[in-house]
C-alpha cells in the first residue's frame, strides 16, 4: 500500500504533489533537473486556440515573500502543444492536467474539444482566473453566472474530467464554487493569483510592463487556506489546492484545510527540486502526526480544535 | 545544470557599491563557459524569494573558485553583500548559453564592449580569447570614476578604453563614443549591457559580426516561466528565452 | 515651508504618516516610546456603541511577511473612549481620526453623532470592512449599495469629514469606491485586511480561536498598491493608503500609486519606532528623486513610465 | 522600556532543542525584575515579522549580560538558534510587569513551580528571593529527561523536585504530583507555564497566596494591539493585557 497515493477524477496519483500551471513550462525544462516520474502529476501551461506571444517585459516583479507575474498566457497554441509538447511527457507515465484559457466561450470549447481528446491528457483545468490579459477569462472568473455557463459548455465538450480554477479576486468564493459545482465541474483548482502591483519608488512607475500582475508565493497562502477551508466545507468536489506552498508542512496544512491534492507553483523558482524534496519528506511528517494514509488529512481542520498554546 | 551550496571565500567592496564575491566548491568545475550565469539565492530565511542572475566573471579551476562581481543596489544584492567568509551561498548553474568556443572563434581580432554591471562577464571572456590567441580590446562604460572596477586586469588582457558619463575617467560619454578607432581592423564584436546600450553598439558596429548578451528580469532562470522572453524574427516561435536560449545571441538575431 | 505637510479634509498634517487603526491602541501605549507630536496624525482603535470584549485568544498568528489578527473590535465603547482615551492625546496637538464600527446602521449613526462631536476628533473613519466579527460591518463592505446607503447616513450624522475604509475582499474595488464617493464620502481609507487563515500542521486546526483572521503586513502591499492605483485613477477623493507599509520607500511607492497620506499598521509591532523613523528618512529620499513637496508624489505613477531596466 | 541592539555572547544547545542565549549591551542595566520578558526579533531580513517574547532567565549586571533560555521549536526560534557569537539581536524590553519586590516579599518561604519553557524565569526569581533571605524550593516539570535543564543551578538555590511526563527523570507525572510535601510549610506560590498547568497549580495550592505568570500569543508586546487579553472579574474593564498588565498576576486575579 502506498500511503501517499490520492485519487481524484481522472487523476490517479502516487502522491498529491503536482507542479502548478505556468510555473513548470511544459515539463521538459524541469526534466533536465530530475526524473518527472516521481511527481503525482503535472499541470501544463495554459493553452489557447491560437498561439499567443503574451505581454511585453518586464513580466515579473519581486514582492515580500511573493512575486508578481504578467506573462499573459504566452503559448504556441493548442495544436502545437498537442503535437510537440505533450508527447515529451509520455516517458514519465504521470497524469497530465491540461490548463486551458480563452477569450470567448467558443474558444474555450474548441480548445477543450481538442486537448481533452489527447490520449495523454488526464483532465482539463479550466482557467477562468488569469488576471493578466484583458481576455484571459477573468471576466468569467468573477461573475458566477458566466462561470457556470462556461463550465457547463466546457464540460459538455470535454471527454475528460474538468477542474475549474477559481480566482481569489472575488467577494464570495463559496458562491462561485457552488455555481460551478452545480454546472457539473468534476473538481476545483484554487487559488489562482491575487491581482497586485509594484512601483519603482524612484521613478514612481510600475515594474511590470503590464502594470498589474498576479501575486503568488507564500504571501498569499493564508488567503488560499481560508478559501479552501470555506469552500471544502460547503462543496463536495475534490479540490486541488495551491497558493504559496513551499514545503511538506504547507502541503499538510493545505490538505487539512480541505484540499485533496496540492499544486506547487512559485516555489519551483526558488528551488527547482522543491517537488521531489516535498514528496520525500512527507512520510516522515505523517509519522510525526500519526497519519497512515495522506488522504486522511483532507478536511481534518473541520474537526473541533484546541488552542495550540495549551497543547504544548 | 545543478544546484550548488558554495562557500564564501571573500566578499568585498572593490568600487562604489560594487562587490567582488569569491565562492568555492566542487560545483565550480562545471563553470567553463564565459557568458553563462549563476542564479543566486540571496539568503536562507529572507523574504526576497527570487534568485539573482549574476554572470561568471572569473573561474579558477584548480582552486574550484568562481568570482562574481555585482552591484549592491537593490534589497537582494544588498543582503548578498552582507555574507561573510565561510557562509554558504545557494546557486543554480551554470545557466544559459554563453560565449561558446564557436562563438569565440569568429576571427583573429575581437572588440569587447561592456556597460556598468555588463562588464564582469567580459573579463572571463577576454581571458578565454587571449588563451586562444585572439587579439582582444575592450571598451568599458561606467557612470563615473567611482563606479569603475577591474581596469588593470582588463589592460593586462588587451587595449582598454574607458568611458564615463560624467567624464570623471577616460572618454566623456557612452561606450559608442570610444569604439570608433577600435573598429578599424574589423574585429568581431562581443557586448554585454542594458538593451539601450546593446542597440547603440549594434548600430555603431553595423556590418561586423558579433554576439550580444541580454538582460531581463527572471523568474525561474531555466526556461520554464516565460518571464524573460525577447522577440525575434529568426525563429518560428517568434521569441527566445534569455535565460535558456541566451543570454548570448548573435548580433541581429533578437529585436532589441 | 514644510515639504512634508499634507492637507486632507479635516486633517491638516505636518507629514503624511498616521498609525493605522487597531495597531496603535488609543495612542498612550506608544507615547511611552516616543513623543507622538512628531506624527502627522493618529487613528484610534474602532469604537462601537457599547463596549465589546472581542474574540477569544489566540487572536494573532504569524504568516510569511505578514500576520493574521482576529481581535474582534474589542473596545470600551464610544462613551468611555471619548471621556477617558481621546483626552490623553490632547497634549500632542495632532489630528485624530476616529475609527468607528457597528452591527447596524443605527449603531454606526449613533457612534458617529457622539464621537464626531468631540472637539479633539478631526475626522471619522467609517470601518465597513472588519473581517473578524460576524457583525463588524463587513456586510456593508462587500455590497456597494449598502455601503453607499450607510455612508450617506453616517455623513449626515457627522459633524466632521468622513473617510470610508474599504475592504479588499471584493471583486471590484472601483465600483465600491465610486459608490461611496457618490454617497458623499470626504475621503477613502484603503485597504483593510484580506481574510486569511492559518492551520497548525501538526494538529490540523486553526491557530486563531476565531479560525479566520485579517491578513496584514508587507505580504499584502502589492494588493494595496494595485487597489489604490485603480481607485485613484477613477475617483477624485483623497486616499489614506495603507497595507504593508514598513519603510519610507514604501510610503513613496504608495503615494505614487495615488495615496495622499499613508497609515502604518503592522510595522509598529515589528519596530515601535517605525513611524518617527520613516518621517525622519523621508526628506532624504525626496532629495534622491528630486521632489520638493511630498504631495507632488500623489498619483505620479499614472504618468507615462519607462522600464526600470533601461533606466539603469 | 526601550529597543536595544544586543550582542550575542554565546548561543548554545544545553538540552534537547533548548538553547541558552547570552546577550550583552548597555540595555541590560534595566533588566532587574524577574518575570519580565524581552520581545526578540529573530532576524533582520526574515519573513518572520513578529517578535518572540522570551523571559529574562538571569542577569549579570557587572558584565551587562542577560541570559535567555528558549526552545527552538518553531521557525522563528529555530532561526534565532542559528545566531552566532558577535551577531546582533534586536530586542524590546524589559517588558511587562514581573515579580516586583512587593510580589516577592509575601512571606519567608516560597514554592516556585514551572513547566517546560516556563522554567527559565524561575531561576532569576529564585536568585532574587534567596538574596532577600527567602527560603525557596522548586518543582520543575518536563516532558522527559532530555528536555530538562539548569537542574544543578536550581538545586544551588533550594530544594528542587523534578517531574517528567514519561518518568525518565524524577517523579513520573505532572508538577502537581510533586507539590504536595512542599506545600506543608505553607509557602507562597510562584508559577510559570501553560494555562492548563497554572490552573492545576492554582487548585493544588488552594488557600495559599501566590503569583502566576501567563503566556499568550502576542502582537505588539506593549499593550497596543489587544492580542493578549485574558478575562478577569477583578477589573472594571473585564480583562487584562498579559503583555503590559502581566505576564505576572496575583493568583485568582485572572480567569484561566
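We call the chains A, B, C and D, going by the order they appear; numbering starts again at 1 in every chain.
Basically, a residue touches a chain if its C-beta (ideal position, glycine included) is under 8 Å from a C-beta of that chain, and two chains touch if they have at least 3 such contacts.
Please read these numbers as outputs of a predicted model, since none were measured by experiment.
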Chain of greatest Cα-centre distance to subunit B: D
Between A-D and A-B, the pair with more C-beta contacts: A-B
Distance from the mean Cα position of subunit B to that of subunit A, given in whole angstrom: 36
Computed distance of Cα centres, subunit C from subunit A, in Å: 33
Euclidean distance of C-alpha centroids - subunit B vs subunit D, Å: 54
Subunit A and subunit D: spacing of chain centres that average the CA atoms, whole Å: 45
Residues of subunit C whose C-beta touches two or more other chains: 57-58, 64-66, 207, 217-218, 309
Residues within subunit D bordering two or more other chains: 47-48, 216-217
Graph class of chain-chain contacts, one of line, ring, star, complete, other: complete
List of subunit D residues in touch with subunit C within their complex: 1, 3, 41, 47-51, 76, 92, 216-231, 237-239, 244
Parts of subunit B lying in touch with subunit C, wherever the complex brings them together: 47, 116-117, 194-196, 215-217
Complex contacts: residues of subunit A adjacent to subunit B: 22-25, 29-30, 32-33, 45, 51, 53-54, 57-62, 64-67, 69, 71, 74, 76, 207, 217-218, 266, 268-273
Subunit B residues touching subunit D - in the complex, by the definition given at the top: 43, 45-48, 79
Sites on subunit C touched by subunit A in the complex: 57-58, 63-66, 68, 142, 169-172, 194-207, 209, 211-212, 215, 217-223, 225-226, 229, 244, 249-250, 252-253, 256-257, 285, 288-289, 297, 300-301, 303, 305-309, 311
